[in-house]
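The data blocks that follow each hold one structure.
Below are two complexes that have subunit A in common, paired first with subunit B and then with subunit C.
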Partner chain A sequence: MNKGKTFTRRTMLKGTAIAGAAMAAPTVFTRGAWAQDFRNDPGDSSTVTLGFNVPQTGPYAEEGKDELRAYQLAVKHLNGEGDGGLLNTMKPLSLKGNGILGKKVEYVTGDTQTKSDAARASAKRMIERDGVVMVTGGSSSGVAVAVQSLCQEMGVIFMAGLTHANDTTGKDRRRYGFRHFFNAHMSAAALGPVLEAEMGKERRSYMLTADYNWGWSVEGSMTEVTEKIGWETVNQVRTPLGAGDFSQYITPVLDSGADVLVLIHYGKDMVDSLTQAVQFGLRDKQVNGKDFQVVVPLYSRLMAQGAGKNVAGIYGSTNWHWSLQDEGTQAFVKSFGQEYGFPPSQAAHTCYVQALLYANAVEATGTFYPVEVIKFLEGFEFDGMGNGPTLYRAEDHQCFKPVLVVKGNENPTSQFDLLEVVNEVPTEQITYPHDLYAGDLGPYEV
Partner chain B sequence: MDALLLQLLNGLDKGAAYALIALGLTLVFGTLGVVNFAHGALFMLGAFVAVSVNELLTFSKRVKDESVTFFDAYKEQPYLEIWLGDFGSAIIDWSVPIAILAAIPIMLLIGLAMERGLIRHFYKRSHAEQILVTFGLAIVIGEIVKATFGANPIPQSAPEIVSGAAPVGALFGLSEALVYPWWRLVYLFSSLAIIGGVFAFLQFTTYGMVVRAGMADRETVGLLGINIERRFTIVFGIAAIVAGVAGVMYTPILPPDYNLGMNFLVLSFVVVVVGGMGSLPGAVAAGFLLGVVQSFASMGAVKEIVPGIDQIIIYLIAVAILLTRPRGLLGRKGVME
Partner chain C sequence: MASLTAFQPSTPKRDAIIMAVFAAVVLTAPIWLTPIGASYPDLLQRFAIFGIFAIGFNILFGLTGYLSFGHAAFLGVGSYAAVWMFKLLTMNVLVAIAFGVLVTALFSIVIGYVCLRRSGIYFSILTLAFAQMSYNMAYSVLTPITNGETALILETADPRIIDRALLGDAKEALPSPSLFGLELTGYAAFYFCAVVLILAFWVSLRIFRSPFGLKLLAIKSNQNRMIYTGYNTRPYLLVAFVISGMYAGLAGSLMAITDPLAGAERMQWTASGEVVLMTILGGAGTLIGPLLGAGIIKYFENIFSAVGKTQLSELFAFLPDGLNEALVGLMSLFVGEGWHLTLGVLFMLVVIFLPGGLMEGIKRLTDWAKSRRQGGETVGDGAAHQPSE
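Then we have the complex of A and B:
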């Protein structure tokens, strides 16, 4: 036997130690120096991928489709195609219309199915398989909260689309999650004075609530505000999401002695329940000597379109509406309208703005490193995006800007003129302390 | 009192849908001995006959919308309105009743094709295999509809004349406030008429008598020289029509999507089991019973005592009835045992 060539335990151990040291060496020397070893770093690639995770099926599918249209338009504008949209009006602006940091923007899409587990699976796939640097989308607070915490765990920024529950930037706020859309608290604060002026102090309300975090949130905020005016809450009934036929929940309203129905449904559910409420004659009813009223705290043009003439005269609130006259709104509506032949919904608007805000933050900081991007967005003040001066509050990642109180238009002048803006409620009136809904953002580094 | 009456009407409405589907299921089971899991798909296909008829009637031309100045907007103007004016609009308004007429021959053809093309090959197989093949068929039909019409519900509206609420209270000398949507009343009474029609057909016609005889003793009827198989095929076609027409009429109440059949199928099986396998009156009675119970369970006062009861009440009742009457309400000895 040739002793010299025997592979002993000792040489084996030495070899392992050297190999181990060699493998560890690059990170030992570079990790601290660059501090930018982050997930899905596009590096030298000439493209960067964003993940658009929207409901393409389920009760919020119509909103989801419009969100996707907005994202596709945003990608066009970021890459310097089309008329540039809000890139022409946004202030301050770092974007140059040549992609993000010179990289062409590409995207992948996913279907959340309006279900938290499907949304998480879809977001995870985007992050792990498609290598996206940012996930964005909606439209359900259940989904937003679930995806937001996944993104926090995985160290990828989540720019929430349409999500209206207080939880998203309240108890479930996350360092990696940002919300441009308004929330239930702001809706109630904006609606309160208008409801008091239009319907008086003595009303009895009946609430039908979508049974998940968004519904509970709006129910809580609306109850607080209406009871402060002097209204009495007759009943609060929770209904399953996507029930389709709400008639068995509407019939008890007729005989409850209530004279206001607060319909805390969204998307297709709202179209179904409002249509059924009107079929049951609620709008023509007189109770306690007053006209029966319906309030839809979160309104949208898409829903108004679905419910047709049933929305006439019904009050609610929105984050934004295409008929606003400011420069940003007009630029966006023109751009979106030319592309698709109809005006954008509020869901489309918030999603488009979120995509631009993320891209702008990356461009301004000069890196895709999420920690730097987060620090830039925290406390960021901007204008020219359709809502007037807006602040991204650092403490809870919630945007603060005026809120619109709207009413179903009784005399529409065009097929899209379905909602009439009754009041543009100033930011001061809807602002609340960041610790009103206690939550913890979590760490920057994950 | 008014609330209870409304809830009762509402429950009868829901029950009518369950009863119509369960009736067809029981007919097929009683005659052909097949547990047809594709029966819900027939209800859904009926609903999509309504969608197709509506799309056909509203086939549109794109015209520029001058009222929008921000950008180039377009409106869809149906050709029927362009050619026939108000009469065209009226035809479109009546698309659901027109779809009911269209659904009768279409559903008959679909039913016959389904029975002759697939299901008859499985008569001699075990129930498990029949369930597998019909369930598979239901999935295939659902996916075809999804691929053709998309995954989202497509709302249909009842004719303008029956789209409002009927002053039920005033009609019966009760409270003025008591109203109920016209279309739901139309739906309820039409369902009762269809159920009555099916029973009358079986009870008072020679054809029906032979079918009933075949249900009781297939072999003897065959020995008498009657082609009972052909009659049973027709019965399958009738069951398909009943499910399809129920589907069409349900569209103004609930916008249909490809999954509609599955949602109703599960409930309908519960209805059949509660009513008693193979018993037609049992299926109808259980359909209405469960509809009404589900409706009452959704009342605020009830939900306050047991939260979420509206979601599970039907299954609770099924458990209770099967524990006390294992053959179901009107089930006979020797059927499916």
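Then we have the complex of A and C:
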């Protein structure tokens, strides 16, 4: 026994010594290299890799799959294949259709599983193993915030996909994170006047909220706006993500005396909860002498497709819709349609635009060095991407552009014609001061 | 199977060799894992961390036979505790580990005390219920502590009392977890986890060889007989349960160190199931088996899930076109999103043909090789068997 102990201790000592030496070695190399260099510099390589981190499983999987289609299309267009898509309409444009800075664009994909842990693991894999210069994607604000702060630590730019919480560019804004998509504050600001005009000043609302940062932020913004109109908030109930069965949350709505249900759900959750709400007869009810109404603050065509006829007459807001008539939208819908045979969703649109914006910034600055790319994107103004004139605000990395208020189509002409655009709310109406949600971008150099 | 889990007397010299080989294999992992595309810090860290988790689980399941279906709860508790230390006190990882393990120990004493009143399937269900309760509480009433779905993350505005007192106000950037000034990111973090893994393995080896380990094995083989010989088995079980919980807490705090974020997903029942799979796949009750299982499952999750059709067609490019397409079509079922399927098939094969896990396969191979060497004679008595480690 005694003998064994000495042996083991010596082995342990040896092991620790080896470990110590090995621990020191890599830090010596990386420390010195940092100042001149940056992580995953493509250098003289003839290709450059982008990382597409999207949910392929979980409640937001449908959105994730459409995002991936958009990214694959963007890569084609960047490499000069296909019809060029938004490269034909984007202004100002530095891209030449020969990759990024002459390097062919390649990509790797990962599954976020709509979980912060898994999303960070796959983003880390892309950065550490696959050497990506930029990570983009995601369809949940919880994931976006988690990946964004990882990218800040790693010094790799993150172009957020679909994320709608105020936190992404508010409380949790990061120097290396950028968001093209609109947010909860903008949704509420755009929806307020429309709801007032359509449903009047005296309403009692009941909110079902997805229980994470996105839900909380939409709940906060919607409450603020509706109470300003004069509505009364009867109750706010938090529901778990991916619950599947929402009947236990919907039954109490019937007896609450509320006459508006605000459904702050997204993806498959929204499809489930809306379908169940309609099945429970909420839409045919009369409460307080008024027709019962349902509002879905963040709407998308994919969700409308999932919920089918149930969306008729239901109001909500979106970042973009394929039926817009501007040049950029038409170009994008055309090339996406040719590739896949159906129109793109708003998730696909924002992801495609984000990939192009990053590539354009690199091309314009002539370097992949993230600090220069960030400085170019901060305050960048562009047009022709489907949303009209758009500004990337420097202080919080949030894009400002018009917001669409939409309504479920009562008489759809095709399986894609499910939403009609009620109002295109101008940028001025939804703009807010950058310090409304206090946050800190952090340093350029990490 | 029985011979695999039986108490195996060993000489100190053999144990020293085992430790030396083990340490060498773990510390050189970045080199020998390169050919299979698994040599990047994040995955290496995961191998080490889930290795620790599985080793700890094996102390309970492998030695006593009590199947806990709620071990992920301890992993989560360890993570949350460690991240809170980062937020409140200091970025020094030793403090985080100490606190993470301590909190998990207390937590497992409470849960163990209640759950160990039952055995067999009832024990499994009780632990599952507790873990699921912790998971749901993390999402609902405990959100002020856990930050719910958004996950607990570090912020620049965190107090970090000790760090601020010693180093003055924090820099603009978020600090990384560190070991007395050495920042633990990338490979440094892996080597730290690797050293902890080696220590954890050594402790587990000592437990396996100790009289305490023998008593646990006796409980597994026949608890009633143990009781009749005058042993009160419950304290032994509780100690095993707490040690195993502390291992999980250690793994959880290491997860928080390599990635300072704690989410409730890691407490979900699927995560508890995963460690059971790891242990059974590798070989329950063996020293190395759970580690093997952890490595294989994490490899599948991270590498197979990222293989797509393009990589497959490149791999089979040498074949004629028709065959190539057919093969790619068939194989793509098993990679990418289909990695669960591959894992499922592998698991079924192991359980059906090698009930003792992969370690049984290795043992059969070595036995076969030995019997060949000895000219077809079967190996002598049990004592001469190569122990499964």
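To be clear about the criterion, the second predicted complex is superposed on the first by the 410 of 446 C-alpha atoms of A that agree within 3 Å, B and C clash if a C-alpha of one lies under 4 Å from a C-alpha of the other, contacts with A are read in each partner's own complex, and residues count from 1 in each chain.
The rule is short, and it goes like this: contacts are C-beta pairs under 8 Å (C-beta built on N, C-alpha and C of every residue); 3 or more make two chains touch, one makes a residue touch a chain.
Quick caveat: nothing in here was measured; it's all calculated off a predicted structure.
By the document's definition of touching, both partners, subunit B and subunit C, reach A:P240.
In the superposed pair of complexes, A:A146 makes contact with subunit C only, with no contact to subunit B. Legend: residue contacts after superposition of the two complexes on their common chain; A:S94 is shown touching neither subunit B nor subunit C.
Contacts of A:T223 after superposition: neither subunit B nor subunit C is touched.
Put subunit B and subunit C next to each other and count what each touches on subunit A; the higher total goes to C. Of the two partner chains, subunit B is the only one that A:T251 touches; subunit C does not reach it.
Once the two complexes are laid over each other on the shared chain, residue contacts for A:G442 go to subunit C alone; subunit B is not touched. Applying the stated contact rule after C-alpha superposition, one finds that A:T367 touches neither subunit B nor subunit C. Of the two partner chains, subunit C is the only one touched by A:R125; subunit B is not. Once the two complexes are laid over each other on the shared chain, residue contacts for A:T57 go to subunit B and to subunit C alike.
The contact surfaces that subunit B and subunit C form on subunit A in the two complexes overlap at residues 56-57, 238, 240.
Residue ranges on subunit A touching subunit B, taken from their complex, read 56-57, 61-62, 235, 237-238, 240, 244-245, 247-249, 251-252, 254-256, 268, 271-272, 275-276, 279-281, 284-285, 287, 306, 330, 333-334, 337-338, 341-343, 413-417. Taken in their complex, subunit B has these residues touching subunit A: 2-3, 6-7, 9-11, 13-14, 65, 67-68, 70-75, 151-153, 155, 163-165, 177-181, 183-184, 253-255, 294-295, 298-300, 303, 307, 310-311. Residues of subunit A that touch subunit C in their complex: 1, 3-5, 7-8, 11-12, 14-16, 18-19, 22-23, 26-27, 30, 56-57, 108-111, 115-118, 120-122, 124-125, 128-129, 141-142, 145-146, 149-150, 152-153, 167, 172, 210-213, 238, 240-241, 440, 442-443, 446. Taken together, the subunit C residues at the contact with subunit A in this complex read 11-13, 15-16, 19-20, 23, 27, 37, 40-43, 46, 136, 139-140, 143, 148-151, 153-154, 156-157, 171-174, 176, 182-183, 185-188, 191-192, 194-195, 198-199, 202, 259, 261, 263, 265-266, 302, 305-306, 308, 337.
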